[in-house]
Amino acid sequence: MLTWLIALPVIAAAIVALVPGRVKELHLPLGVALAVLPLALAGYVFWVFEPIAGYQFVQQAVWYEPWGISWSLGIDGVSMPMVLLTAILVPIALAASTSITRRTKEFVVYTLLLEAGMIGVFLALDLFLFFVFFEAILIPMYFIIGIWGSDRRIYAAMKFFIFTAFGSAVLLAGIIALAVTYADQFGSASFALSDLMNVQLSTGAERWLFAAFALAFAIKVPLFPVHTWLPDAHTEAPTAGSVLLAAVLLKLGTYGLLRFNLSLFPEASVDAAWIMGTLAVIGIIYGAVVAIVQPDLKRLVAYSSVSHLGFIVLGTFALTSGSLQGAVIQNVNHGLVTGALFLLVGMIYERRHTKQISEFGGLQKVMPVFAGFFLFMIFASIGLPGLNGFVGEFLILIGSYSTLPALAIVAAIGVVLAAIYMLWAYERVFTGVPDKEENAALSDLSIREISLLAPLAILVLVIGLYPNILLDKIAPSTEAVLDHIEEQTEFVRPEPGRLGDVLVAGGDHE
Amino acid sequence: MGVIREFIKGLRVTGGTMLRTITGEELVTTEYPKEMRQKPPRFHGRHVLNRYPDGMEKCIGCELCAGVCPAKCIFVRGMDNDPENPTSPGERFGFVYEINMLRCIFCALCVEACPTEAITMTHLFEMSTTNREDAIYTRETLLMDEKGGVPHMFPDDELADMDELAVADGWVKATAPSGMTSYQGVKMWQGTPGPGDWDPEPGQSELDARSPTEDDDG
Amino acid sequence: MIVAAGWYMALAAALFVIGALGLLLRRNALVMFMCIELMLNAVNLTLISAGRALNDLNGQVAVFVVLVVAAAEVVVGLAIIVAVFRRRATASVDELSELRG
Amino acid sequence: MSWPEFGIIAFRVVVTFVLLLVVTVINVWAERKILADMQSRIGPSRAGPWGILQTVADGLKLFFKESVIPRKVELGMYLLAPFLAIIPAFLIFMMVPWGKPFMIGDHEVALQGADLNIGLLFILAMSSMAVYGVVLAGWSSGSKYPLLGAVRATAQAISYEAAMGLAMVAVVVFTATQGEGGTLSMAEIVERQTGTWGDISPVLSFVPRWNLFPQFAAFAIFLVAIVAETNRAPFDLVEAEQELVGGFHTEYSGMRFAMFFLAEYVNIFSMSAIAATLFLGGWAGPTFEGSLPGLISGSLPTIYFLIKTYAIVFIFFWLRATLPRLRYDQLMTLGWKRLIPAALTWLVISTVAIGFRQFGAPWS
Amino acid sequence: MAETILFVLMAMGALVGAVTIVAARNPVYSAMGLLGTLFSVAVLYVLQLAHLVAAVQVIVYAGAVLTLFLFVIMLIGVDKSEDWDEKLPYQRAFVGGLGGLIVLFAGALTVFGNFDWVPAATNTIPEATNGTIQAIAELLFTDWVLAFEATALLLTIAAAGAIGLAHHRTGQT
Amino acid sequence: MIEITTPDVSWIAILPELVLALGAVGVLLVEVQWKPATRVLGAISAITLVIAIFFTFLQWAQAGDALEVGGLDELVAFSGMIVMDGFAVFGRFVLLVMAGLGLLAGWRLVERLNRRGAEAIALVLLATTGFSIMVASNNLVMMFLGLEIGSISLYILAGLTEEKTKADEAAMKYFLLGSFASAIFVYGVALLYAGTGQLEILAIRQFFTEFIVTRPAVILIGLALIIVGLGFKVSAAPFHSWAPDVYQGAPSGVVGYMAAMAKIAGFLAMARILLTAVPQLDDSWLPVIAGISALSMLVGSTIALVQSDVRRLLAYSGVAHAGFILTGIVGGATTGMLFYVTVYSIQLIGAFAVVAVVSGPSSSGSSIDEYRGLARRSPALGAAFAVLLLGMAGLPLTSGFVAKFGVFSEAWANGYGWLVIVALLASVISFAFYLRVIVAMYMEETEEEGIVVSLAARWVLTIAVAGTVLAGILPAPLIDLAADAFPL
């Protein structure tokens, strides 16, 4: 079934690719329609997913015996939300791409391939397979940015590619080293995550490998100071690209940190927690401060991503039940909210062909619906209680406080800063009088656009109000991760704090 | 194989020649100063100015020879005869007669042009000189004496076979029809040492009587 | 009195080095090519000297192979040089600069 | 090395050298004389009886003549070239046995400059060196006619050397049937040609055991090749007077020119001698030992050798008198498209035949 | 004794020839330098009992190869003297440095290396028949028969290729 | 009577070469005799290649049988000149396949050469013969001979075109440096011979197991020279300087073939010498190879960044790839290296097939501007080129990734982690220039018309792309083959 989850987008891409290039109008709708299929399947998976630790729906097929690589897929609480998120966002991103009139077919194909790659990354249980998907994603994304981006698209695409490829290279070195060590110790080669977790590493080796993996994922996240590709890529990418980039691609990093760094190198993780946390917090503050002064709306959202992802990393390395769950759920939240924000920015860009904040003003009057959605998403992003952002950030902050109190406190400042840049931007764009002539004639959102944003808004609301719909399914897996760490190291997770207890009611970790 | 046959044919030619040469059969080289070759009858050698049998000079100083000379090597000036003691049978005689042998091309046009057969060519060809002045033959050098001899640069040289002076260039005989009926059938130029002895010129009527194929030139 | 094989081989080495350095130093294709021939000669001398020291005929036989190779190289190399010359009227490698990055 | 041995070697070398010089003097005269005969002329006749001292006179003249060195020559090479031309010419002849070895005391004296076991290869090597004199002379003269001559010389030398070598190989292979293994030693090759073919059939017992008979095609090829190698007519494109003034030696005069001249005639004689040795049995022939005085029967081999050699030298002259000069493309066509294939074919045929004779059919 | 003298002489000849190749401005002199080296080396072969190789060396190298060289030199115009201005900066310095390095290395090997040219030598006296044609032919046509055949292939290629390369294209200068 | 020693002849060991040589000569003769259409010559060469490939299967089977019964001596033929081990047979097979692809890729060139096309075909076959001998030879001089047969054919091929100027120049540079390399190689062989008294690779190994050389300086110098010589042939830095000029100047129809052939044979020979003959000395040569490898990767990748000509870019990328492949040798095993060489050759030939299509089969030079908007002009061509470039870059799901993964793993396992890290860095740098081409093809626009891709080129590209993708997704069969094909 999980194979089908990967295969469906590929098949869809193939179908679209086979449609003759003459019928241009057909490509996009067809793509959207086909992209719904994986969504349906992902929904089914979500439905039948059982809230237990360990992998479900595991599929395994030997790929190449002597090297110990296999086509090994599985899903657990950490990856399930990500798969779902991907499946949801791809059709929306596609549907939002009506502005792409040039080489539509290729665009749809690339997007669908991208989806396959992303789902593959989340499902892979074999490091080799994981790496394959991890790298494979670069290509369609690179094309999406490079072909359909704005003016400096080639520079941005290149930067994106080189940065992440560099990360991948380091990751590959780490994987090779790990596999070679495994082969040395066990006499047979294997790349399976479950096998590699058994490797006995010296402290030094473990730290090096941790660093390699962490660097790769940090670039993807992106963690300060290797974040510089992100604003460029975001700014230059087309709307759908930005959406997918922000919503899913960045999550590869956080997902990787959680899934691989914590499981494979527990000791190093514990040791390095404060380093990663510090970097995360620097990212939070830095991203927020830079976001404040951005004159470009899209860039602002991009830097907000840097800030928000800092929270997730912080949560990951705080190593408490709450923070881990928060991190996972914040992954989803950020995907939804930032995706929506990019969609919104894209919509205004289509109308005005500018993203400069100074070009706008008083749009509230002209486009009330648009302003409404924007405000809603901003609130979610800031973390207004009742919306999903609150759940994630709150869990993370609470969770981290017990292990990394200082960092948690500083991170909390980031929340305030988020409110500043978001609301200030809103103020500059939407409030006041529309003093520019061009702005006066702008039309409000169409039904189609509303129908794109509505599902996201609903999900934001749902998660905000009833987070347990996800948390129930996440918790066993995150707890398992922590169990593993405790087994391997002297680390003992602190008992969840009071608030945590309340919020993690579904978490069954007795 | 044709090539080889040709090749052998060639070798046979040279080889055969060699054998014939060794036996002296085909040796064409004559060791010149030692042995002289018979010259062809029409060989053009040095000029001489002839005399009538009575000793009168034939040259009348008409300068036709000088005019016709393509190399412009003949210089002639005529002079009135002394009525008392005429040098030639006509009114005038060749007072100055010079031929620059360095320029002469031995074409014998002068001989043809001469109305009186005064200038003819001999078979004498050894004419080397040691300076350019000597190469200009003057009247004194060219004019025959009564005995048919003329002065020569190296009369005693073993190379200078003075007998050659007695042989005239046969060309003289082949041309020069007189054109005058009164001379028909008359053997006019006898006793001249240079030209030698030959049959009288046939007249026009006789020429007409011949078939055209035999002799067409006038 | 027999000269030790080492001397021959040292001479060969010297020839080889001179050839190699000459190849790098000179710009005339023909001279460069001659330097290559010189190097191959050094190889032959080495093979023969070693063969004698080892009392092994394979060295001498190998020389024949190298000789033939050298001859074949010459044929082709000179053909190339002549072909180049037909176009350029130069044998200097420096002037062959159409290929640039 | 003992002194007698050293003396013998010195004697061999010096005598060979002198013989070559004398023979060359005669050769120059002979060519002029024979050419004259073939052209119904007399030829040199003044100096000495039948002009036989003509060459000496010419040599003296050239020796005393001023050697002009043109301004644009490459001096070093210009001066070196004549020597490069003449040295290989002499060295080649050192390999040729020109008489039957005789004994002085217990030392054998071979009438030969030197007998190498790779004699034929040495000859090939030296004959290929001969071209350097021509080429360098042509090049160093700094004049276009000599240069053209030089270019032609190189191409020609390379082209015909192959055919020459292949013809030689056929002979060498054939020598294997006449003794124990093949040989490259000139003395040995001659030794193997002594006697007659009587052992094959009594009818042939008056036919000398020359390689010419079994290797007639090789002989023909070799003959053509040596004519070309020595740059003689009809292959004398190197000095084609009508086109190139004097060819490679246009700018040479005096003694330097004389050396080229000498080299050419030495080469003719050496090559003829080699041809005679390879195909006509060299000095082999009946010596009538016992029935003739020792001195005469001892010198008979040398006389045979000279006769045979001069027979081939005569062919050189004969060809020169007979054939017009080839065009350059004809020269190349003949060399590469006729002679070499022919030589190869002959080599294969004769080798196969020899193989059959020596080892029987492969299937038997 | 004779071998030593000849060796010294011929080694000098070879080295002088080699230096001439590199140093001569005119390619013809280079060719003559090569000729000198080839000859000297041939003599060295003789000294080492490799008579056949020596002869073949002279025939093939001096006779054919170098003649071809000269032919081409003549053909493409010898008057063009080489441009000695170095086009590649540092090339000369590089070569000099490399040469120095090699010399240093060689010196170091000789002085410190306890160095042996033929470590595998068994110190047997070479047989006098070693250089003979029979001995070499025996090897060449048994053990080396494949190499022998392969050289034929090589020569075929060279011939065919040279024709192809030098072939005049019609309609082109 | 003379006694005749019969040489040790084993036909099966050289059957493919025999067939190839006969085919080549046949092509030439048929051309001279009948002057047939080029298609006929193509058919002849195709038949030749097919038969030769068939014989490699035969050899493979035989080699396997011999290994099973332990009859290793049976694999050494011609008195030790040739071995018929799996390594040789695998190399042969790859060479033959590449020859087929190369001929297809250069087919337009062959057609445009008219009468001389036969010569080009014959030279391709002969070069294949030579390199095939080289990979199979057990005797160092034989190896040299094979190398020269192949190289000389390639020199000629480089100059064999009707647009001459640059091709001649390329041929000349290739020739001069190639001969230089050959001379260095053979001098190394001579020194190795002096040092060990052996010319045969297996005998040298035997020598080292029996004797301990106390003063191995000559052997080491010889080995170093061999490495340098082969380094030139495979264009590893710092011996790469000829590659860009040659790749740029030679007719594009054959460049891919040339490069692939030289690399395959060079690496296989290097592996055979280093791993079979002198494994005892690996303390000495491993660091050297590792150094060359690292330098190649870095130099190749960095210089390729600033190239504006696709061929030069590919040339420098070839330098980098030489470094990557050398990591396989550093790994001390041949599996990864064989796999890498195979897939890289396919990619190379494919890439140059694209170059030949875009800038004409006999042109020289092909500026990156010519590729602008290629994806619009011919989507299939652009996609194929993109796949090949990404394959070279080593992106997952292409064969390049598996190949890199293989060699890196081997190197890491052999204790050369630093080299792997350098290699990975270099791969990242290399992404940049591969992407530049892709950028030009996909992200820049052009007004130029579409491109007609000839049938032959289509086949080549189809095979190359299919090979790249298939070997990337399902590498198992090829790796298994490569694993079985270890040198004797």
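Chains here go by letter, A, B, C, D, E and F, matching the order in which they are written, and residues are numbered from 1 within each.
The working rule: a contact is a pair of C-beta atoms (placed from the backbone, for glycine too) under 8 Å apart; a residue touches a chain by one contact, two chains touch by 3 or more.
In this text, all values refer to a predicted model and were calculated from it rather than measured experimentally.
> If you tally C-beta pairs in contact for every chain pair, which pair wins? Let me know.
C-E
> Give the label of the chain whose average Cα location is farthest from that of subunit B.
A
> Please report how many Å separate the Cα centroid of subunit A from that of subunit B, as a whole number.
The mean C-alpha positions of subunit A and subunit B differ by 128 Å.
> Could you give the separation in Å between the centres of subunit D and subunit E, each centre being the mean of its C-alpha atoms?
The mean C-alpha positions of subunit D and subunit E differ by 29 Å.
> List the centre-to-centre spacing of subunit B and subunit E in whole Å, with centres computed as mean CA coordinates.
Inter-chain centre distance comes to 76 Å.
> For subunit C and subunit F, let me know how many angstrom lie between their CA-based centres, rounded off.
25
> Can you tell me which residues of subunit F touch two or more of the remaining chains?
As it turns out, subunit F has residues touching two or more other chains at 141, 145, 148, 152, 155-156, 159, 164, 171, 194, 197.
> Please output the residue numbers of subunit D that touch at least 2 other chains, ranges allowed.
181
> So which stretches of subunit A touch two or more other chains?
Touching at least two other chains: none.
> Can you list the subunit E residues touching subunit F in their complex?
Per the stated touch rule, the residues are 109, 113-122, 138, 141-147, 150-151, 153-154, 156-158, 160-165, 167, 169, 172.
> Can you tell me which positions in subunit D touch subunit B when the two form their complex?
34, 36-42, 45, 318, 321-323
> Once bound in the complex, which stretches of subunit E touch subunit D?
Interface residues on the subunit E side: 26, 28-29, 32, 35, 51-52, 55-56, 58-59, 62-64, 67-68, 70-71, 73-75, 78, 132-134.
> Any idea which subunit C residues touch subunit E in the complex?
1-3, 5-11, 13-15, 17-19, 21-22, 24-28, 30-31, 33-35, 37-38, 41, 44-45, 48-55, 57-58, 60-61, 63-65, 67-76, 78-83, 85-86, 89-92, 94
> Tell me, which parts of subunit B touch subunit D in their complex?
7, 10-11, 13-15, 17-18, 20-22, 26-29, 31
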